[in-house]
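Below you'll find a set of structures to go through.
Common to both upcoming complexes is subunit A, partnered first by subunit B, then by subunit C.
Our next item is the complex of A and B:
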């Protein structure tokens, strides 16, 4: 229970911090809409000039879901933890009587809670604009799988970002790491190019990278008409990635602490 | 004092001012380069990041054309040309702008902005020009290579007129891009928020694609908010397609620069220092 109370404590702090700067929060949320809506518009234009694997309705459904799924699986640990290692604030964290991941998870969940509530009016607006074209059929089993896929995507993203953050112990640099990983994530997560519309070579790379679980995989679970073997294969690959990142993170954290120089603050 | 002497003095003053700013830019560039080389790993990773960014953009453009040969009046190589022009405009602007739009809110909040105000130099220039990101040279090189590659694929041989038009429209696009960014960053004096600048950059990313592929209403919107002048119009000039908007780009650039500077000076009047 104690870790849970700690997580809720840190989540509450960051909820209040974020609520202080409401205009910045609003701009931040709108920022998350620009990319998916731009790509949706372009793919709709492309669809007018060719026949694609997705029709108009599926393209709109895909990119509206992208807005929500990417927000729900997002994690910011590479910059949060990386910056605190770089400027010495990590020293305050490691003397606490709990693992730093408890605080980081609380922080991430606090930010996520704010996003979740601000997504509600956006969902209403998008529904009013696109409800004729929005097409999903939900069954209980599909909904459960979707929620599981979201949780898996978030867990993989969280441990992936924290594993990258551990490299800051040696590299003393987090900004470029974060930017590079964000680029790769954008390209291969399905945020820009849906798996169904990608060329074959791109698909074979995307299917086996962890980035697919951040956006594309949860949406595939929802959009596909039936629950297929591919969905279960996807979950298996995702769980393997989660275990790998968990193990690598622990090793890097253990060795990184020995190397940590505790920069002055 | 006769008019010839007055004109001579005014010309001398102008040349002195221009040479002062050029010397200042050279000094800032030199020290920014030395600071960038302090963190060698970061320097190398940034170059790698610029290359990766370009490759991903090329991949996305090729994916759009996987099932079709043209989108609107644009084929893959001409769309790549638009992307190259956009990238060149961004790289050039960011070379001189660095991260000043993002750091401005923190400087205002902490009171460090006072040290910028007290400098005996144009405040608007120094607010957004006191740092230079020299690693954008690599971005410039990569995006120029993309433009060159696309031009070769398109077998472009623009006339002197179209080349000159491209230079003018590209120069205008730099002014417009910088003016939009600095105008939004100026809102920091009231909002203390860097998220607005981040939102601006996201919206400006739309100009990496030709804006006339969208519906007439969206294209009209992007003409009034002058985004179409950033990459689509210069690219069209290079493609030998001069339009009415090509000739309009320089006046729009001057207007956007004027609005940006006037808004900035208005914002400065409402600034009250946070330092003790």
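Our next item is the complex of A and C:
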């Protein structure tokens, strides 16, 4: 229970911190909307003159779901933890009587809570614009699988970003790491190119990267008419990635602490 | 005549002074960047990778269709190349300063900017130069070569001059729009993710304006003139519209730049120091 109380405590701190600057939420709304809507517009223009695997309704449904799914599976640990290692604030974290991941998870959940509320005006705008074209049928089993896929996507993203952050112990550089990981995520997660519209070689690579679980996999679970074997295969691959990142993170953290020079403060 | 000569002499001295100041900023920025070589190389590598992702996206789009809103692959690549050139100038000369604006206001460092015997607008937006952004130029040249090869464009001196001019005007327009987006920091104090807003909006600049529905076309042409950064200049260079539209581009750029300068000056009057 104590780790849970600590996580909620840190989440509350960051909720209050970011609530002080509410206008920043406007920027988050814009950031969350413009990218997916831009790609949706382009794919709709392409679909007018060629036959794609997705029809108009499916393209619109895919990109609307992208807005919500990417927001719910997001994590920012590479820059948070990386920066704190680089400027020495990590020293204060490691002397606490709990693992640093407790504080980081609390911080991430606090940020997510703030950003979750920015989804409400986004949902209203999108409903007004696209409710005729949005087509999805939810069953109880599909909804449960969707929630599980979201939780899996978030867990993989969280541990992936924290694993990358551990490299800062040696590299002393977090900005490029964060930028490169965001780039890979953008390219392979399904944010730009839906799996169904990608060429076969790209699909075969994308299917086995962890980035797919950040956006594409939860959406595939929902969009597909029936729950297929592919969904269960996807979950298996996701769990394997989660276990791999968990183990690699622990090893890097253990060795990184020995190498840590406590810069800055 | 003597009054005109005095004015001209005064302007020449001022331009020389500010140019020398900018060169010293550049020298200082380069030495700072060379202190952190890993970061420098990482930034160059990242920007090249981002460019490859965008080109890859275009390749996938054009594997399913011959044209997007009447634009062929080579023509869309031209838009992207022009966007890269404008981004090179903007990111090299101004972007880092915009990212730091929130920090320097909140930390009180902006007080020193106000007390210097230099125009505050100039000092605020040219203090730091980002040499790692030169990579955008090489990306732009590569994409331009690809576009030239696909469209069989023959480059003449007027066309090259026009390309350089539209890239420069695109960069100044982007600076003006960014100043307008970032200036509310003087009232709000903490708006650190404005960079992402600007970047998000400018991703629309890499696509032809004809691909967008009428309301967005209007919005991004007249309200937030993002299409004047790359799409409309590409139409001028590819002779899709008359070359005289370059004067319209110059006019739009000037209007927004002057407006952003005055808006920034107005915001300075509302600045209250965070204590240094």
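Basically, the second predicted complex is superposed on the first by the 265 of 265 C-alpha atoms of A that agree within 3 Å, B and C clash if a C-alpha of one lies under 4 Å from a C-alpha of the other, contacts with A are read in each partner's own complex, and residues count from 1 in each chain.
One rule holds in what follows: a residue touches a chain if its C-beta (ideal position, glycine included) is under 8 Å from a C-beta of that chain, and two chains touch if they have at least 3 such contacts.
Predicted, not measured: the structure shown is a model, and the values here were computed from it.
Annotation for the three-chain superposition on subunit A: subunit B and subunit C clash. Of the two partner chains placed by superposition, A:124 touches none, neither subunit B nor subunit C.
When the shared chain is aligned, subunit B and subunit C each come close enough to touch A:50.
Within the superposed three-chain model, A:34 lies in touch with subunit B and with subunit C [touch as defined at top].
Look at A:151: by the touch rule set out above, it reaches neither subunit B nor subunit C. Subunit A uses residues 21, 23-24, 27-28, 30-31, 34-35, 38, 41-43, 45-46, 49-50, 52, 171-173, 175-177, 179-180, 183, 186-187, 192-193, 197-199, 202 to touch subunit B in one structure and subunit C in the other. Every residue of subunit A that touches subunit B in the complex is listed here, in rising order: 21, 23-25, 27-28, 30-31, 34-35, 38, 41-43, 45-46, 49-52, 171-173, 175-177, 179-180, 183-184, 186-187, 192-193, 197-199, 202. Note for the complex: subunit A touches subunit C at residues 20-21, 23-24, 27-28, 30-31, 34-35, 38, 41-43, 45-46, 49-50, 52, 171-173, 175-177, 179-180, 183, 186-187, 192-193, 197-199, 202. For subunit B in complex with subunit A, the residues that touch the partner chain are 39, 41-42, 45-46, 48-49, 52-53, 56, 59-60, 62-64, 66-68, 70-72, 191-196, 198-199, 202-203, 205-206, 209, 213-214, 218. Subunit C makes touch with subunit A in their complex at residues 36, 38-39, 42-43, 45-46, 49-50, 53, 56-57, 60-61, 63-69, 184, 188-194, 196-197, 200-201, 203-204, 207, 211-213, 216.
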